[in-house]
Amino acid sequence: MRILRNLSFWIAVGVVVLIIAYGATGGAIRRETWFTVLLFVGLASSLNILLGYTGYVSFGHIVFFGFGGYIGFWAIDTLGMNLWLAALLGGLVSALLALGLGLAILRLRGAYFALATIGILEAMKALVINIPALGGPNGMELNFSVYRGYGGAATALWMVYWSVAAIALIVVITSYIVKKSKFGLGLMAIREDEDAAEIMGVVAPRAKTWAYVISAFFPGILGVLFFFKQGIIEPGSAFRLQLSIEMLVMVMLGGSGTVLGPILGAGAYQILRGTLLTSDLELLGMKVKDIQLAVAGVLLLIIVLFIPVGAIGWLRTRSATLRRILE
Amino acid sequence: MILEVKNVSKVFGGLTAVNDVTFDLPEGQILGLIGPNGAGKTTLFNCLNGVYPLTRGTVTFRGQVLSGLPTYKVADLGIARTHQIVRPLNELTVRENVMVGACFGRENHKLGEAEEIANEVMEFVGLAARADMLAGSLNVAQKKRLEMARALAARPYLLLLDEVLAGLNVTEVSQMLNTIRAIRDQGVTIIMIEHIMHAVMNVSDRIIVLNYGTLIAEGSPVEVQANQEVIEAYLGDPDLAARLLEEERG
Amino acid sequence: MIDQLLASVTDGMLVGVVYGLAAMGLTLIFGVMNVINLAHGPIMALGMFTVYLAYTSLGLNPFLGLLLAAGLGLILGVIIYWGAVHRVIDAPHLSSLLSTFSVNMIIIGIGTAIFSTSFRNVDYSLGIVTIGPITVPGTRFTSALLALGITGLLYLFLYRTRPGKYVRAVSDNRTSAGLMGIASNRVLALSFGLGTMLAALAGGLIAMALPFTILSGGSYELKSFVIVVLGGLGNPIGALLGGVILGLIEGLVPVFTKITWVPVIEFVLFVLILLVRPQGLFGAKQ
């Protein structure tokens, strides 16, 4: 494999491994924090394949996390399916959903595509509320005895940590391979100028759809793992537009279209939020932790206005060496 | 015949941009496509490679009817083109731009092979020194050459060149003409849209002339230059007419 | 059954006109500068709170409170334009989506800290209006009339006044408008302000009819998206008609099936229209 000789590959993998190791070596509280980071590393890196490489702004990407999560959860709850099988099932149904949707909505460009993805997220949420088999508006709850099959709740939590960590690592490796592949070159050509890319022979409809499918597959798996850990799933938490936009923010923060960007973006965003939420500082007479959303908004605004390429994107413009080792 | 264009028309709303154009192109020739501004030359290119669906008529390329095929299919069959208004993939490097042509064009190369082809082609058009720069940072003349390089990297049977000489200085024009001849000598058939008359007359095997979307003349450069209708058509465009007449005298 | 249908249709149309007013704000901004304002919902919520606070603290008649809401919406819009939109107006779509979303976060963040997320309502009544067999609350009837009136004023402004004509010129072609000496940045700021003013006004009108929280704007923002797509992105009159259609769906669907199917129908319709008729139901074919 040619990519194994690239320093930039090992840097990306190394960062994820460091996050995994740090999260695993400090007890349950630290694990929970870094579990969330790893979850978002997986989600943001998946989104990046569509958003960063292909240039399609999916505002409702969390729909694949929620949909996969729902189907997997349902399979565990009512069919008694094994978690691993259910996770794979969640990934596959999300990928399938993306395949069907992609053929239709990837014809739309720019703002129209972004709006359509919001519509799909909201339609899916409203639909699930109307399906009694999926628990309707109240969702579903796992019977506690399910965790016994995985060595009890405490062991199950560690198990989910390691599996989310593994998926995050796989997503990052996939993301790297895609970026360095002929497929990825086609995607980036589409991002820069779709019509020109097609004139050069890039089969854009096919390439975009595959990018969409890959970027939906992993969130589907992560959804099953996440909601299995929660033990409860309901429409509001599975299809949250807010979360979808946070994924976008993480990608932007680190650098859209780079492999490292979404990893650092996810980490920085979660750390920032944790810091703000526990901060005792006051600003204009208001406690920072009460207005953490507003503070995060100001920071996002500053980044969008002044460093639109994100942290890694910016570093890559600084020197040829950085460009080579930070992918 | 590598290309047969039969009764091709393109109508936008009420405007007929290309009107019942018919011509054939034998393999290995350079065909000059000239005509005043707005004559429908670029529109004709867009009809040939599938950017626009045809209103009427057929285009047959190497025995296959192209009508209705998407642009990427046309590229796959072996037609490559450059754009009059350059369209570099700005955030990709020059090498990556050229590799897109090699990877997805007619020969569908793997990444590694595409890189070798890209290096060759960049050498050929004189962009080798800028291979690792972002395409967006090139100047216009370099971007024109990049357009050319991307098209060549596809190793097309037919190359459509849309004003690749515009904006180049005298030396650059003669370099580019040599490049175009060299491409033809490799067996590639070429159609070139051009406004620089001496250049197009010099390099073309045959010329066709469009005016208001209609094909008004066809023949060798000498025949076309003598054609009364062509001269009248250009009189609507005083600049070009003057130049054309001057060239004839000189 | 007939009576119930008639009541639902009336109700739906009255609410729909107000939805349409909000959506008009969104579509105006999109039409002029190709920006989808993701701070639309929070600005509607600010309109609601302006009317509410003017009424409860200052004892101001809610319809006068609307004037305050309009002024605030206009000023806020101009500030948002210069602070968050101006720099990214020619950048890729994602930039303006995220910059206006960051404004959304700022407003919601501060708003939640000040107002919490508990429900408020403007306890103000104009009695009951009876038209034939139908009775509707007076405030709702007046709100709908006002929304129509504001739409009329907007059109007078856009077609009869100089700044209005500038807005249309810039919307048509920013570069050539600039070449003809129109200070397009100021016109853009004004357009953004007009868009947010309409959002704040619609919020104020909704506050008179329904209970709300600082987060309520979010769901109305989604409704505005649906309406804007129904009517065609960038088409203000289309937005008004789209609003009426949405209002009718909300009024009529519950007569036949469970109310929870309303959003399913709305959003499926929304996606279908984007796919089949991206120019909207009333737009000319491209």
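Annotations for the structure displayed:
Letters A, B and C name the chains as they come in the text, with residue numbers starting at 1 for each one.
Everything that follows uses one rule, which is that a contact is a pair of C-beta atoms (placed from the backbone, for glycine too) under 8 Å apart; a residue touches a chain by one contact, two chains touch by 3 or more.
If you're wondering where the values come from, they're calculated on a predicted model, not measured in any experiment.
By count of C-beta pairs in contact, A-C exceeds the other of the chain pairs A-C and A-B. Of all chains, the one whose Cα centroid sits at the greatest distance from that of chain C is B. Centrality annotation: A (chain centre taken as mean Cα position, compared with the mean over all protein Cα atoms). Mean C-alpha positions place chain B and chain C at a centre distance of 50 Å.
Separating the centre of chain A from that of chain C, both taken as means of CA atoms, is a distance of 32 Å. If each chain is reduced to the centroid of its CA atoms, chain A and chain B end up 44 Å from each other. Of all the residues in chain A, the ones that touch chain B in their complex are 180-182, 185-186, 188-189, 191-193, 195-204, 257. Listed in rising order, the residues of chain A touching chain C in the complex are 51, 55, 57, 59, 104-105, 107-108, 110-112, 114-116, 118-120, 122-123, 125-127, 129-130, 137, 241, 245, 248-249, 252, 256, 286-287, 290-298, 300-301, 304-305, 308.
Chain B contributes residues 49, 51, 70-72, 75-76, 80-81, 83, 87-92, 96, 99-101, 103-106, 108, 110-111, 114, 150, 154 to its touches with chain A in the complex.
Chain C meets chain A in the complex at residues 30, 34, 36, 83-84, 87-88, 91-95, 97-99, 101-110, 112-113, 218, 222, 225-226, 229, 233, 258, 260-264, 266-268, 270-271, 274-275, 278.
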